[in-house]
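Multiple structures are listed underneath, in structure tokens.
Same chain, two partners: chain A is paired with chain B first, then with chain C.
What follows is the complex of A and B.
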């Protein structure tokens, strides 16, 4: 009798687990399997396909100055994109929710970039922003610049401005879409209370909205970060050659130099996945601490 | 609750069953293919009489795997070749667009799994991919001996048929087409195009910002730097033998030096290069640079015709020559319809198919057939083909033709460029 009682109790305790089982199996089947396989390739296994080499050669070859510099650039750009689109996205979501919540067309404008693939976005921005592009021609015809060369270098530029522009155009709408429903709901629920207590709008954003939104906001930025970290199209088309963006380098290694170099390409991606995972874990730990300390954002 | 547990338990059990079934199915197929592999079915297509091959090929479907990025090529296959094959041989040709690296990978994995009945019948390959395929035993065998059109019209002793980027073909692939590297310039802006590296350097310095090349390992950019090697090297023919690390290390220094001397005068002062030939063509189209290049002697004429390049575009070759390469068709070891695949490859080498391919409306590339061996009416037809306003004459092209280097050199130079020029 006691056994059955204990069993039902433990089933009850873990019932959530059974609910996620199908999804869990799906992830294990399609993700973990592939991940382990790729990881083994990157270590130098499957010699019949990729040639005989010492274990872990790809990682040894990777860890030199130039790769670490590339890693820095890649992580830096991904970080800049996620912060920029996070901040802009939050501002726009607030503006939309405050001023234009009843004008659907403004929302449509911000949803438009969703339908455009990254490759096409990069192509379109290149067409308009290159030195002989659309805007440069318009400026030239209006007499604002004397020659096409006077137009600022925005594509293939020194600092990755073109890459940043293209990503912002795609990722800001994502953050807006993520935050907007929450922002409208919170404004609706809290405005009266806040007004009654005599706080103004900025105080409300600071003390009410941001603390409540923080987990989803940071989560959204992390999604953007890991996406940018691994994606190839925009830097390949718009970045300076010597930028050394790792997804671009990995693609070159994978496609251009024969089977024997493919483990190296996979190793590069494993490193990126590791970085993104590491940052995810750090963020989760911070969040846990933050919940424990009473979800305080600001001191005072 | 218990019901739920039962359910998930059942699901788990099913998954377990599936795994077991999957494994055992694999075992089984391995057994049968082992037996099949030893049977003579694969070998015999190469020993069969041609008439027998044609009659056995009737009613089959052939999956042709090839790079699918050119509309003219796709139309040539879908609109011209496929209906012919259906009519003449009752073969259905299906074009399967895929990058060569990908289908070679697929084949490697199939070979690993001892899968003797694949899905690919005909492949379009050359260079590095052919080398991988031949070294890993992924191809059917010396097919060219069996193909009547190859026997009749192709000069099997010519180096462009015997070697594919320096690697001996030994009949494992049949030559499908030939292309030669040419430079393109806008004759409304440039009167006398440079004909050597020294002249190019001078021109670049006089016209800063008006020249650049795609960053290797882009295919065209990589070929461009091999031309620089040909220009600076004491004896380019030394590279046609096996890979010699010392030789290339010594001579590549001059290549990097020449490229770095030009660098400050290139587009964007050499701080960035177009990432692909498409980007360079775009810059040329917009007039941002005044020259472009391409591994296709008729490509510029094609672009003029479609209105993408200015009418004043012309092409030139270097005095010391430009590279030419042949690309090929091969049949994988596990092609499901080997007879039909042979018929298709043979048909691609027919005079009609080859001459049609030269027409600008489809592809515009050169034939692999030997002109002297063609029947009289085919020769006349060849002379009438208009290869476009910007395409150089056959004589001019063939007098300035260089053979390609082996894949090892190509790769070494690409890596070297990234380190010594691109990332500086």
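What follows is the complex of A and C.
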């Protein structure tokens, strides 16, 4: 009897926690469960579907070929996109909060890309930035160029500039949207204190805003990074095939060469997921350190 | 000194205007493309206008309404799942303290930080083997996985802003948990809830790869119809489909503002 009493009491005490359970089970079942299932496929299980092969063949094949170079390019572009959109996003959020806080239309402009899928962003930026695109026509009418060959190659180009532009179009507004509420709040709360202590604007940004914003800012950049790492539409439409973006390569393997090649596609994506996870763990460790040292600064 | 400040201001405005143009101009080019089939270089504006692409969109082979219905059905199921699963989770995370809370939070947000193509591929094989779920539901499950982190974070933040003071007051006056939820929390959170749902619908409608994988490329939502045209470079057709995609989004935003206004009047008008 006592055991039952204790159990009901404990259930009653933690009753409120049941709210989090359905969502948690959903994520564990679908996200982690799906991941484990994929991992088993990539190792070579389910031979009746994917054909008989030695265990781990997909990974052996990956690390034999030019996969590492592709991994470098993919991670490099993802890193460049996240840094660029992080810095530009913070800058724009600061400028909007300082200069245009009473002009709603400027904020609306930076909210527009949120309703546009990556697929359409890729297509639209191709249409304006390509050599016969709209910007090249404008340059022609302004007299800057006299034939479309004179316009720089920005789409399907050597350096992936088109991909970078398209991602910026989508991700800079995302960072702005993420940071803006916090920036206005901080400016509002700290302006008087900072002015009283005699600091100027740049000092305020360096010593007040950035330290407080850092976790959200870096978190936002991490979201962008892992998104770019796994997304397909923009590189598929705007990059040269010779670039070897891993999501594009994996998608070709997944759809074009039959079931027996699908474990390889899954293996590629698993490597990407691990890169993202690894960087996440490093960031979380840094954040912990930052918080610890930050607290010491406040106390001292 | 005066002059320096003026130059600085001008530079800042130039930068902001430049960024705004970077965002807006592609959209204008899109609208122009939808009304022409032929627009050779170096014409700044098309000389020959035509509505051919629009008539293709609404012809039987254009499948405009089928695509829209599919997208909306999936987005609707996704929103429902988000409310059922995400709302109580956000409330609990904001109002309760328990051990392992940080871990639970990280786990719930993990689909944001780790590319989920892997999980989706695994889930597709699982759903093929189980074979009883219609594509609508399996796709909506994956869309829920994509959108729930945003949904939970936004509502969690709003619950934090709300605090627990008002609820404690109500509780000390004898209100039960359900009454507090129904008469205090829900009305105060409706604006945030509406915004989160809008966000979920928009994100769900833009998904390409997860939809493709889960349905094996057979469930024709808007992005799945658009992609082949975009990769074959049919500018005018893609422009028309894109605008067709924006129609429900703009309508939903308008509905959101109307509901928001109504809600503010109803909730905050009564209080004031």
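Please note the rule applied: the second predicted complex is superposed on the first by the 271 of 300 C-alpha atoms of A that agree within 3 Å, B and C clash if a C-alpha of one lies under 4 Å from a C-alpha of the other, contacts with A are read in each partner's own complex, and residues count from 1 in each chain.
One rule holds for everything that comes next: a contact is a pair of C-beta atoms (placed from the backbone, for glycine too) under 8 Å apart; a residue touches a chain by one contact, two chains touch by 3 or more.
Remember, it's a predicted structure, so these values are computed and weren't measured experimentally.
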{"item": "Partner chain in contact with A:106 - chain B first, chain C second, else both or neither", "value": "second"}
{"item": "Touching partner for A:242 - first (chain B), second (chain C), both, neither", "value": "first"}
{"item": "First (chain B), second (chain C), both or neither touched by A:22", "value": "both"}
{"item": "Per-residue contact with chain A, leading partner among chain C and chain B", "value": "C"}
{"item": "Partner chain in contact with A:153 - chain B first, chain C second, else both or neither", "value": "first"}
{"item": "Touching partner for A:257 - first (chain B), second (chain C), both, neither", "value": "first"}
{"item": "Touching partner for A:231 - first (chain B), second (chain C), both, neither", "value": "second"}
{"item": "Which of chain B and chain C A:132 touches, first, second, both or neither", "value": "both"}
{"item": "Residues of chain A at both interfaces, chain B in one complex, chain C in the other", "value": "18, 22, 49, 132-133, 148, 236-237, 254-255"}
{"item": "Contact footprint of chain A on chain C as seen in their complex", "value": "12-13, 15-16, 19-20, 22-27, 29-30, 33, 41-44, 84-86, 88-89, 91-93, 95-96, 98, 104, 107-108, 110-123, 125-126, 141-142, 144-145, 148, 152, 199, 202, 205-209, 213, 217, 223, 226-227, 230-231, 235, 238, 242, 245-246, 249, 253"}
{"item": "Residue ranges of chain A touching chain B (in the complex, touch as defined)", "value": "8, 11-12, 15, 18, 21-22, 25, 48-49, 66, 130-133, 148-149, 153, 156-158, 236-237, 240-242, 244, 252, 254-259"}
{"item": "Chain C contact footprint on chain A (complex, rising order)", "value": "14, 16-20, 22-24, 26-28, 30-39, 41, 46, 49, 88, 92, 95-96, 99-100, 106, 109-110, 112-125, 127-128, 132-138, 140-141, 148, 169, 172-173, 222-223, 226-227, 229-233, 236-237, 247, 250-251, 254-255, 262, 265-266, 269-270, 272-273, 276-277, 280"}
{"item": "In the complex, chain B residues that touch chain A", "value": "1-2, 4-5, 8, 11-12, 15, 99, 101, 104-105, 108-109, 112, 128, 132, 209, 215, 217, 268, 271-273, 275, 279, 283, 286-288, 407, 411, 414-415, 422-424"}
